[in-house]
């Protein structure tokens, strides 16, 4: 076919060309500047505007930050030191630091929330970092009870008795495995419930009488500041996980009743603002519980926040389930695993892993939303800022408190969101 | 390779619909113990559906399927019984990516058969050796090649000591180099007398080990014959057309 | 479809089939769950009844028809302290909706600009936008609202600064806009030969506004006809006639004519007594909520827009360029229609979030539904159960409407696949 | 009963506001201080003998009544105005008045306003969820004036807005106005207008239906007032408790009669209550009195013998 | 298939850098009208970059590219002119998923060439018939198989009546069955005398239709020859190595 060819085309390169440096217009600051800052009139305008904005911000806030005062016990003192100049009075943070962090938690017991926080990281480390040995998961299972005991104190038998209920449930799962899963499921749910309702209380009393192992108890109304935000956020997410899983499964169920109950619940919760649920916790929950029941506000808030988070969690987990190929369900079926075993051994471990980044995002959202508890009189950081500003010493202070609170939230949320992004990237390459 | 007279699977007059679409029409099929059957047919002819009905991954709406003496009905106990007797290998392996190979293999024996863990692991290693990859036991599926994964999938089914094995195009998702290693494993299995139903387009395999080739089209069994006759002397027009297509290219 | 259930032995129903037979099992479970649900509901209702009885309260919405006794500063419809709680709730609802709509619009604008700028090649603007997005996303919205409100009341001049012979501040744009720490006063429309009002179910509807809307609607319709005929000409001859000047004429001339006819003129705000009067006042509370929600949500929208544009693979614009389409057309004909499919659904859920977040109005004294019905009314009447239920119901209805719109959109634009 | 509950618990749950200077606010050590707080401490001391056995539950204008109705708190001491509907319809019992107040207005001196009747068209900062909101609406309507309400949640916020000039007028109870003004950099630049547009008897309240508990609260408060009238102070408390020539003091401090027993309390209940923070006058002086930054004069809250309204029924 | 003496593309001494990475080094290439050139070379050797420079999807930094007498510089008019003369087919088709096949084909003629719609549609149907899928005109790209999509992409380019066609690995994202249908379309195009530059590893195609095969490595043209000579008598060591790799397997 090449016979129609006009001229010879043969060419062979004898020596390869070495790479050369690009022309000078292609490298260095000049090119970088031209390409990134001054490429075309629009870009030049944008650059100038941005520089002006940055300049303006620095001019406006620079002196204020530059004149920061750290050692002052009241605003008046600050004003005296500043002597008319504009400047930040960070003395308020120093003065109220323990309060903003721990609220009214007894100062001699600060080590307890701190330990609880450190142990929390240990407990979730196997989930977050694949290199952590799997054995740590046992600690993760113990942590909720340990954490509760560290934070609230009191007799150690309370958490132990509650934990026993779970052990009981697990034992029943093992024991009733050969019966119909339906019967055993009912059994496994009902027996521990009965235990918690009727046996656990007397058991705790009995055990405390025998071996009074107790630490100083701290009622939750003494919690405040970031401690309260963290407690509400973390327990909301942790408790909402199992409920969210059930709701997600319910929403996928082919039984209409269960499906619609789940859908209605999820859509209801997602359709109303969190603040109305918080008001429900503070104003209405007592209407719905038997007359005379009365437990403290933070606990009620945790209940409502858990319900709130579980609706969002359900959607997150539904996303994780949807990402699983059908083949996984079929393979489990074909091996003879029943629904619950398949869920527990095959589906959930994978779906949850896929969902971790979204769970982290949900947590960030929830953590930010905990600031709304200020509306029902819980002294979270914002609430404490208001209370601080109501004291004679600090009446009139403003920016410093909110900048500080905002910065702490930022550090928390930003690092978590970065972590979840890196996790997402890792999962993308991990998963087949 | 002996075929006994005992019936392993008995399908009578079975029909299945997806919505109003009639996928399987009046299927009658008897498989004896030790038989090795290859099912072929154009895409969409219902081969996968048929095979999936046999362990109730799909529900049939009319007719009877009796596997190893147990009738498949809506009774869960029967379904469980059948499923633990029948192993299945899928086109896309469907290994569990979050478990090691060994855990993949011991999962069902431990949780369904209640085998002690130690014993389950021994069985698992035995079958891994049989499919010639014992050294991969502690890796994760994602670290294996497609052919190795499919062999693990076969071993996983075998660990449940099934009396019947179903294969749904086990080699069609594999690169050509890997097809052979999987087929070798299957041939070995066939030689040991396992009852097998296999949907495949590997005609070499069919000729080598099948007792019978079944040709399906439009949800019905169109032709059934011994491999040699089937390939060299097809009766129906459709079969001829089909054979010319797959052998031609 | 012919359903024949042969083979299966029918007559012999055994009790164990309730548990083991797939046909009955799901009923067993559902009935069990139903019983549990009803028990739970009965328990809750019984508790509520007993608690109400113990407190000596009844369950009734009569309070909605009682005189409210409190004033609301921002009143889209007529209202004062002699009206009822029900009316106050409606004022609150309207305020919620006004705020939500305003914030949705600006959040979208801010978000689109920030999202696009974040993709810009300009290094410094890209960095600035990243800083914007990250700072605003990672700090609670409540703090932003409070901070915006503080900036407004701290750094803007009070109305008194405009007073005197040598005032400390002056109005902007030829004395037409006053920016004060009580809000921004802008000129308001007045009509010399106005058409008056029309009263439907106790709400005064301005006929001027109606007439204006009708005219604008008509203009838009005519403009669409013009565009359609341009398309027709393009289809026939291949050349699209220039229509922008026609569109301008059609869109603006009739509206201006109507305004002239009605004797439209602006009423400028004027410092009288303690405050500016005349014109339209956008109160601090509204501005703080509006800006706070807009910039906070704008950061989320920016991310949505950015990832939406990134999701339309580079390949699409390359293919369009290779066909000779210019960048502007490529954007309009190829990139935008696809990016919108990705952007709109999450955008709408941000709108949902904005609507829900308007309930933080209390923090800066914005009288939305939560502050009126869910706040002062509940507090003055002690009807928290009824009030909260009503409040949730209203939010739920708004949410459902928004998500219905979203589903409708999703179904309409779904890409067809095999 | 509530008394039994409190004694079993060993601490009193007392609702206070989330922060009003001088009335209730936590100090840097997290200890609540203030005039309302002192009432809580006195009741705790009377019931439990320990003024520190109080759990303070911060409540907002919105949550305070529910918290009390639901039993979350035993007593609400949060500058709450005693009105008929609260007493009757909402189902509470006011146990007395610890501060007689009235709603007033504060304006910037530079505005040149000298009477509330000149406030037509003004922008007014109010705290929501209070009776001030209703009084204000009434007052302006009666006087045919218009105003622009700026509803604000907390006192600190209101003060901020007022100082920044975001409102011309700040209205709240006169005590609050004075307390707020006292903390300004230049208090002299602000005037409190002479009109008091409402009666605001502020007092602690308890749930209706537990008369014994209401009695305890009521008489604890009365004991503080009576102590001032009778000259019992924390300084001479020990000495007087040993017995005096005045039988009323003896009955009050438990060295004579069995008043404590009638209430179901320790005979020394009143002594404990007074020991907690001194008598009414001492508490007043320490928290909001003229020597404090708040700088309130006794005014209406002086003893009846001094021309004030404080008048306790006899202890007998 | 005649090759004229008229020059279609003239590339002289062209260099391109990505940052400081020298991707294309001293490229000299003259393509006559009607020539069909296949470009081969290992991954990362700069084949795609070269082809994308020809319609300025990438910018070159030194040297000259003249397409159909128009020099490519930063002049926007020239770029538009060249782009409407040169068609390009991508590895991943890059059809517009929100438009029907017909709309995909008529979009550029209507908006760039200002063709009346009716006429554009007629042309579109003509080319759809040519690539043998006229019946799919009203479907959306997502509803077509990969091979069909790539043929639509070719038709889309042809609708602009280009004088030069560029192909960047048009078959490498396709299943084996579909490769043939696309190659058939391309061969047909070649036979009609279209000037073509084609990056591909389909050596059968190269032997069948190319006038010239260009082998690139490390951003340079290493060898250039007629197909027969190129495959049977490669000169450079690199070419030999490359050929042994791709033909060996």
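Every chain is named by a letter (A, B, C, D and E) in the order it is written, and numbering of its residues begins at 1.
The working rule: a contact is a pair of C-beta atoms (placed from the backbone, for glycine too) under 8 Å apart; a residue touches a chain by one contact, two chains touch by 3 or more.
The model shown is predicted, which means the values in this text are computed figures rather than measured ones.
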- Message: Using the contact definition given at the top, which chains are in touch with both chain D and chain E?
- Response: A, C
- Count how many hops through touching chains it takes, at the least, to reach chain E starting from chain B. 2
- If you take the mean of the Cα atoms for each chain, which one ends up farthest from chain B? D
- Note on the structure: Highest contact count belongs to the pair A-C
- Note on the structure: Chain centre (avg CA) closest to assembly CA average -> A
- Query: Approximately how many whole Å separate the CA-defined centres of chain A and chain B?
  - Reply: 46
- What whole-Å value do you get for the distance between chain C and chain D if each is reduced to the mean of its CA atoms? 43
- Query: Hey, how far is the Cα centre of chain A from the one of chain D, in Å?
  - Reply: 41
- Could you check chain A for residues that touch two or more other chains and list them? 279, 283, 286, 375, 398
- Message: Could you pull out the residues of chain C that touch at least 2 other chains?
- Response: 20, 25, 150, 154, 362-363, 378, 384
- Query: Every touching chain pair, please?
  - Reply: A-B, A-C, A-D, A-E, B-C, C-D, C-E
- Task: Using the touch rule from the top, collect the residues of chain A that touch chain C in their complex.
- Result: 32, 35-37, 39, 43, 46-47, 50-51, 53-54, 180, 182-183, 186, 254-258, 261, 267-268, 270-276, 279-280, 283-284, 286-291, 364, 368-369, 371-372, 374-375, 382, 398-399, 402, 405-406, 409-410, 412-414, 417
- Message: So in the complex, the part of chain C that touches chain B is made up of which residues?
- Response: 1-8, 17, 20-23, 25
- Query: For chain C, which residues are in contact with chain A within the complex?
  - Reply: 19-20, 25-26, 28-30, 32-34, 37, 44, 47-48, 50-52, 54, 117, 120-125, 128, 134-135, 137-143, 146-147, 150, 154, 356-357, 359-360, 362-363, 370, 374, 378, 384-385, 388, 391-392, 395-396, 399-400, 403
- Task: Please give the residue numbers of chain E that touch chain C in the complex, ascending.
- Result: 55, 57, 80, 83-84, 86-88, 90, 92, 94-98, 107-108, 110-120, 139-140, 142-145, 156-157, 160
- Touching chain C in the complex, chain D uses residues 61-62, 65-66, 69, 89-91, 110-111, 119-123, 128-129, 133-134, 136-138, 141, 147-153, 160-161, 164-168
